[in-house]
């Protein structure tokens, strides 16, 4: 099913975090075990709970299409750059060729690349909205992901829409070598431009966010949110333990650890993300919502002619 | 002797750090013991060594007039705001009245206030040059010091001269209460304006620099230098030990400690200060020295019309 | 009713206690002491006025430090809606001694920053009694710059003994952090309203404590040095703080007289903790009217006015 | 002559040793082996060319890591005059893994930044083998902003295995520090010339490693991941690094082909450490000519060109 159809099929669904007692009457189907509370869960039922375990609120990975639909106001998401996808410029071939990896990722996810972007409304605010999909080669950032992200920044700037990016990634896509590393500079350059234009940018760090992606556009946002328990860092714990032989504290690199260390603004449960982002946008996008709750009370600051 | 005469009397003197063997033929006069190496020194001889112990290079306190003359190119220092001095707005009277303290400080130092400012050349660069004098009520910053500092910033900006400030201070001048605290904001505001105007500003932190002065204009410089062994901090060690009952490491709050902790650019011996500052100015004041050593090789960057 | 008794309240507290005892006795033993009770009540009322009216500077300091005095988080809870707290300096840590967040006050979207003391020992340990480390001040600075970027007026609540005096704070540049904030606040291109709600301790207070308007609560103080430290220096005897607190001219009245504060919000007899709701209402209306005045102004002019005013603070002579 | 022998040099080193022995024997025993010596010398010469010409990517990596390879401080000593080193990030610390300073190169006043590896174990411990912590990257950023403020062209020397992978680096925001530098470098309003002199390890290299020109030494590499780590991931066997170093296309040639680097500075046969003086001269002239081209340009256009070029890096399809 092409992704556009998928979006159509999903439109109109409501996403709410189910209360715990709903788990009693799960229909038959694919079952999985929650890695946190060990409860057995029906996978289909997770679709009604934003992929959150109804027993312990463990946040399972969320696909990019699910993510953008969970954040956009109903029926407002319009995808952009849907066809943009990776090539294999280095003809990278190790155990498995990059071309094969790409083909199977496309097949598995129905996506052209590891990030989905588009226009939407969020809490009534016009936004550019993007989400990364970890199932697609670990949502690693190669040329195509970098390009789609950079275009999302450019679109947000051109249309003066706030940019909202839900991030997950294993890091740079090594199969594209230096072209992949340079996407860090390219997306950071785009972020810097948006910032200088004064357009709001909020990132949501989800599990896992690592490597070159952590070290570029996601952490340059005005407000950085993260999902509970999400693991976020530059170097992964295994590499640290092997390279430096440091033992790592409990909770290392969790979203909560990063709040404590001053790196992100708030940990927000998946079910509360849309509301939190909308609230922040109410402050950062003053005036772009015609029926803003505060109406005329928004401060209208006049810029002087001395600039 | 009025300070203008003092300057005249001092002009033409050369300052060099004497080599150790000069100490042998010290004339009679006032003797003091070096607190660092315990050698007995003739005070008059220290005038020829920039108040640096010839045995161990211990840096004694330096008066503001000595300081500006040691830094300015010979014969170029012209004092500004020489008459500006403190009043006693709170009629502050404790054990000793503020009025008394002021009177005795003036008598002792021959200065009108704890800071001397003026125009000068330094390594051929036109600068505004200022120095604080610890003998004057601990070079604490009251209204007059704050005003003179703020005017030095304004003068540097108006005449596009680099600003060089040699700082020493016990902190805010509590005898002026909140008027004194507000000088921190006032001088920091002036520093911010100078910075936005792109005029270079170098501070030299000397022993001791503490309290509200550390927490305002001196640390906002583009390049921060400090003299060897100078003690610099916000809260003094005794207060920390009494309040928090923390034991403090050896070398705490020395200039060297602060370099290690990333707060200052370099520790420079008194005898090398003029040369170091001139070198930095060669970079930060490109173009203002007609016969710059590098002549036409200085990069001439053209600003675009898009600003 | 307050449980914590300040030194100067003690005679009143004793009389109040006596009145309670008398009433209890009357009730228990049916002694019909109505007249005595009424007399004592009048006495209490008179003493209350005597004790609380025209507080000395040192008494105000005690009121400003009263453990039940409303704190930044109380003002945020009472005055602000749709709050979104911001955490961290993006450099080192998240200092709980400083609150920063997006908040709506009197119908206006604002950025709010405040010193955050705890309500009990546990909270106070976490929040370091409201004394910020450099990372707290740098979080505040990040919030200031965000306010500027998105055109949000800045409202600050000042209530700290001072910036934290400690080894780690020095290592991480306490002086540097304060100075950066002063420079940033001085030039910030949005309206800035500072409210002194309790203690205004030196550089740690000033680092978020000035702007286009400084509103002081009646019993809040703001000082270059704590009266105890001043007494320690001058007399080697910190118990002489009552004297130095007068010398330092650190009350709201003094600040208005010196041209540093603009406005005083009156407190109920006995202090803000005696009727917090009334204080919240007055503070809200003071902030609202300050914002009404400031938000209409052209930004370049606003910042220039702030700079000129700041530059004019100080009393000195030009000499001959 | 170099004392450290790289793996692929071993046959040559053995032959060279044999030659030395032969000469010594000849001298000691007066065996008149002139002919044999000449023969062996020719053999050595031929093998030298065979060994060093057309190095494989993995061999280049070894050359790039050679302990005697000239390092940032060697370039600074050789190319720069009137150096004034800047220390510290003004936030947390001074990271010796990063050099930053005012320096004059080829008659131009510049800001110079570089990764600073040590020359021996003691230096390497202090400098953390040239792997920066966040405070090092933040010192670099401060230097970048100072360069911009005062119109000084920026020259960077890239030579690091990568940003430090450790607990404290993560706690202080390694990713954040790198990203801030990338954003700052991308928009910096002065000419930026980066020189890859040795190792170009991933984000820690990139954080000071791009600009208007990227000059690569012939045997310097620049890679998204170390070949060993790549082999570890792909084959669970880091000894297959020779294979992955070819796959990753990380040599100077590859970078020019991919449009990422602009220019290659040739090295003497065997690597830069064989004739450092020659390399210094070539690097100086490459930097000088890059600055000559860049310093005359209008700054807005320069930055726009940098942005457009950066934005165009990548190979992808737009789809249907």
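Observations, loosely collected:
Each chain carries a letter (A, B, C and D) given by its place in the written order, and its residues are counted from 1.
Note that a contact is a pair of C-beta atoms (placed from the backbone, for glycine too) under 8 Å apart; a residue touches a chain by one contact, two chains touch by 3 or more.
Note that the coordinates shown come from a computational prediction; the quantities given were computed from them, not determined experimentally.
Shared contact partners of chain A and chain D, listed by label: C.
Taken together, chain A and chain C share the touching chains D. Across B-C and B-D, the chain pair carrying more C-beta contacts is B-C. Chain B and chain C, compared by their mean Cα positions, are separated by 35 Å. Per-chain Cα centroids separate chain A from chain B by 52 Å. For the pair chain B and chain D, the distance between mean C-alpha positions equals 41 Å. Each chain gets one centre point, the mean of its Cα atoms, and the points for chain C and chain D are 55 Å apart.
Shared contact sites, meaning residues of chain D that touch two or more other chains, fall at 90-92, 172-173, 176. Residues of chain A in contact with two or more other chains: 195, 219, 261-263.
Chain contacts in this assembly follow no simple pattern; the graph is neither a line, a ring, a star nor complete. Here, these are the chain pairs in contact: A-C, A-D, B-C, B-D, C-D. Across the complex, chain B is touched by residues 163, 165-167, 169-176, 178-180, 182-187, 202-203, 206-207, 210, 222-225, 229-230, 233-235, 243-244, 247-250, 254-255, 258, 260, 307, 310-311, 313-320 of chain C. Touching chain D in their complex are the following residues of chain C: 90-92, 138, 172-173, 176. Of all the residues in chain D, the ones that touch chain B in their complex are 82, 84-94, 102, 104, 106-110, 135, 139, 146, 149-153, 190-191, 291, 295-301. Partner chain C is touched in their complex by these residues of chain A: 195, 198, 200, 219, 222-223, 259-266, 276, 279-280, 282-284, 286, 293-294, 297-307.
Per the touch definition, chain A reaches chain D in the complex via residues 81-87, 89-90, 92-95, 112, 142-144, 146-147, 150, 172, 174, 176-186, 188-193, 195-196, 211-212, 214-220, 233-235, 239-240, 243-244, 246, 248-249, 252-253, 261-263.
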